[in-house]
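Both complexes below contain chain A, partnered by chain B and then by chain C.
Here is the complex of A and B:
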């Protein structure tokens, strides 16, 4: 098991009014991501707890690409991972931003 | 692009616990207690190098069902097989005790249990076993206070171990074809008694013994539904007001029924033998029928009981 976090800076606040949501399930090959609007608009943070050790470089690459693609200012992402593939991780993060677009 | 997702049309088996809740209760009526942002997580899993879940695999809360207030708990069968741990169990016990406490003051008259569990979580076994016992007591006390406790089962983990016992303690039980209800699971039986006793890799056999259709025909479930979330919703609406009184007479009648069932079918080795004995047509084909054909089929006398 491994725990780490990746911080990002952002140009804009993530759209929508939702305060918190969760998507995915911590199961084999899957992950759950909880998203909370708790940070200043110019910051974002992904906290990772993963069952699989030794893939930190890939996590950094995926999360940094996600920051560039979606600009999730103000959001904290907390991940419980059961060994998801990088594409699944990206999908869940993007899903999370989309779910936060809903009205409060 | 907007994607319209209609949760009540979704398949119960494929849906997550949160999706099942979304499609089961009235739209936007669900209010979660102790939600994931509270991070009430297992304190034990990290020592085993396991990552937890923010809700510890159990979602509890209140909502309305066809306009009536209900309490509900849903297990996520894909997180550690939906198994009971300390926090998971405490959330369920708390919900049931809350139902009992509120029953006298106009609280919800029904608790829905969306069970999807392999039983106790091995990594926190003592706490899990205790929480099963506390859950059973809490169900009994809620029923004594006049609250209907309805089990809804059709997820990938079934309702095994303590989850099977909890199921049997409920006021009413709803299953789909995917549902499996038992105490010792097929792998456990095979490990302890050998493959000739129970071949856990024979999927058809596992479903013939523990599956939703067999449970329905032997009176181990009160309602068989097709697999969509809205089918479970419809059954829950109908059953939440039809709970039998929880009295000594009810229990004595159930004991008599079970004793007769054991006497009549105790020697049978597989489900089709039961169906042949009880006079059902084409006993070998029951597992292959469509849901519509199964629902239209003649019933055994066992499934007409009203003891529970």
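Here is the complex of A and C:
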């Protein structure tokens, strides 16, 4: 079990009005993400709890690229990972931002 | 070519015999021909025991017999004679063409000679498994040093042949489950490897320099005249039998049953020498069945990109899908995502394809006009029989598959091949060799190659050709679309993108002359991953190609080693396209998009006609 967090700064607030959502499943090779609109618009944060240790550099690479690709200002992501591959992590995070675009 | 004739002469009589290549004496002629060239002192060429036996039979005085061997030049029927010899040797074992199952070993020992080239039928689907077991049990002091020339090394008994010294040399195409065992046997010197071929390459050599002396094949039913019904799994049988039967070889078939009249003649009886009713039905592997329950959202995302960015973009109607979950995902979202994009009738109408159960929803939704199959698939037979507008069905009402024909269709009549692979390098070369495993090629290298002999135009082919060429438009030839669709990481976080293919290391270790490459980079036109599509047709030069590949290699080391500026430039030119560039909403990448979520759903789609094998029945 490993726990860590990655902080980012953002140019703009993530669009939409949703306060909170959850996507994915906590299963082997998959992951669950809870997304909450709780941070200042210029900040974002991803907290990772993963069953698989030893891939922290890839996690950082994935999350930093995610910040760049989607500008999720104001959102906190809590990942409960069951050993998902980086592409699945990226897809879930991007899907999470899209889900937050819904009206409140 | 020459033959040996033995002439025995004493004071009373003269006999002339022909001694065939195996030392068997044929016929008597009580006179010597004046054209004979007589050679004396022949004891060295002619075994004494033959002369003794023949003299004794005729009550000749051995001490006074004069014997000569006549050498006559220009003998052109040696293979036929040899064949006759073998048939004669098996006469007491067979009743007509029929041989009892318990006499299979005796039959093989009677008709096979050391050093023979033998084809034991079996590919990635059907297996002449009964005959494989029989061959693996022959007396290796009688039969040894065989040269196996066959599509698949799949069964344990195939490897036993080499372990027991019955076979020594091997030319093959596909090994699948025995990939690791073959690599070990090669390293231990148990197998002398000729080459690893593609299917049609091996069939081509059957009529060139690897013609079998004996073919051991499998069929569903035979009549007493040897006519064979292969059932839906015709596959390689016609190609094997053609090469063997018309070159004086011996063809032996294992069948599930002997009947009075076969429902359809797939192989005419005069091309078959012996038929054995095996004690069990021949084995067929359900290789092309993918459970929709295991399709991931990453694969669905890749499928959406492929449909929107390639199928629709080029208007691909005639195609082949390789095996694997990414292509299964494409099949499963044609009736949903494809429908939404208004692509029905515009893409994926004509197929060279095994009977993939995952295509059932698209067929049932009216997407597919016709499909020709390499082989059959366990559980699909009834469904296909009921869909003769789509599949190739005999007058008897069952599927006729033919690997040779379908591979040919894949080469010359398909505008696109799309398939997965296990490793891809910086030049786009791909391989399914992983450390210590030789999986062989099967048909993918032919499906995934641009055939330079193609001459008929089609829109996708011409468009691909134009994208790749800077030459004069009037002379621009087309290109087949060869698409590799793969996730950036495989199981256990093993990267699928690598700097150097494992196949190079393996070739070095096993001293192979040619490193096994499934599809060469210069044939690949597109690579699809979860990160996007790289269009290699639009790349100019090796370094652009490399960056295009790195640019879709995700978070593998290859992907993270990209030149970000170069990749962004390629993206602006449309060489690399991300889901957002294609207008794909990531929220659509959900299992909800699959037309079937389980094998059971496929059964429902088929109206109950698809009967999945038990290992896929989980309800």
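The working rule: the second predicted complex is superposed on the first by the 104 of 104 C-alpha atoms of A that agree within 3 Å, B and C clash if a C-alpha of one lies under 4 Å from a C-alpha of the other, contacts with A are read in each partner's own complex, and residues count from 1 in each chain.
Here is the rule we go by: a residue touches a chain if its C-beta (ideal position, glycine included) is under 8 Å from a C-beta of that chain, and two chains touch if they have at least 3 such contacts.
Keep in mind it's a predicted model, so treat the numbers as computed, not measured.
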For this session: Quick one: classify A:22 as touching chain B (first), chain C (second), both or neither.
Result: first
For this session: Mind working out whether A:81 is in touch with chain B, chain C, both or neither, as first, second, both or neither?
Result: first
Exercise. Between chain B (first) and chain C (second), which does A:34 come into contact with in this model arrangement: first, second, both, or neither?
Worked result: first
Problem set entry | Partner chain(s) touched by A:45 [first = chain B, second = chain C, both, neither] | neither
Exercise. Touching A:91 in the superposition: chain B (first), chain C (second), both, neither?
Worked result: second
For this session: In the overlay, answer first, second, both or neither for which of chain B and chain C A:1 touches.
Result: first
Problem set entry | Contact residues of chain A, present in both the chain B and the chain C interface | none
Exercise. Taking the complex as given, what residues does chain B use to touch chain A?
Worked result: 16, 18, 35-37, 46, 49-55, 76, 78-79
Exercise. Which positions of chain C touch chain A when the two form their complex?
Worked result: 296-298, 301, 487-489, 493, 529-531, 554-555, 560, 585-587, 589
Exercise. Given the complex with chain C, which residues does chain A contribute to the contact?
Worked result: 29, 55, 58, 61-62, 85-88, 90-91, 94-95, 98-99
Seminar exercise, completed: Note: in the complex, chain A contacts chain B through residues 1, 20, 22, 25-27, 30, 32, 34, 36, 49-51, 78, 80-82
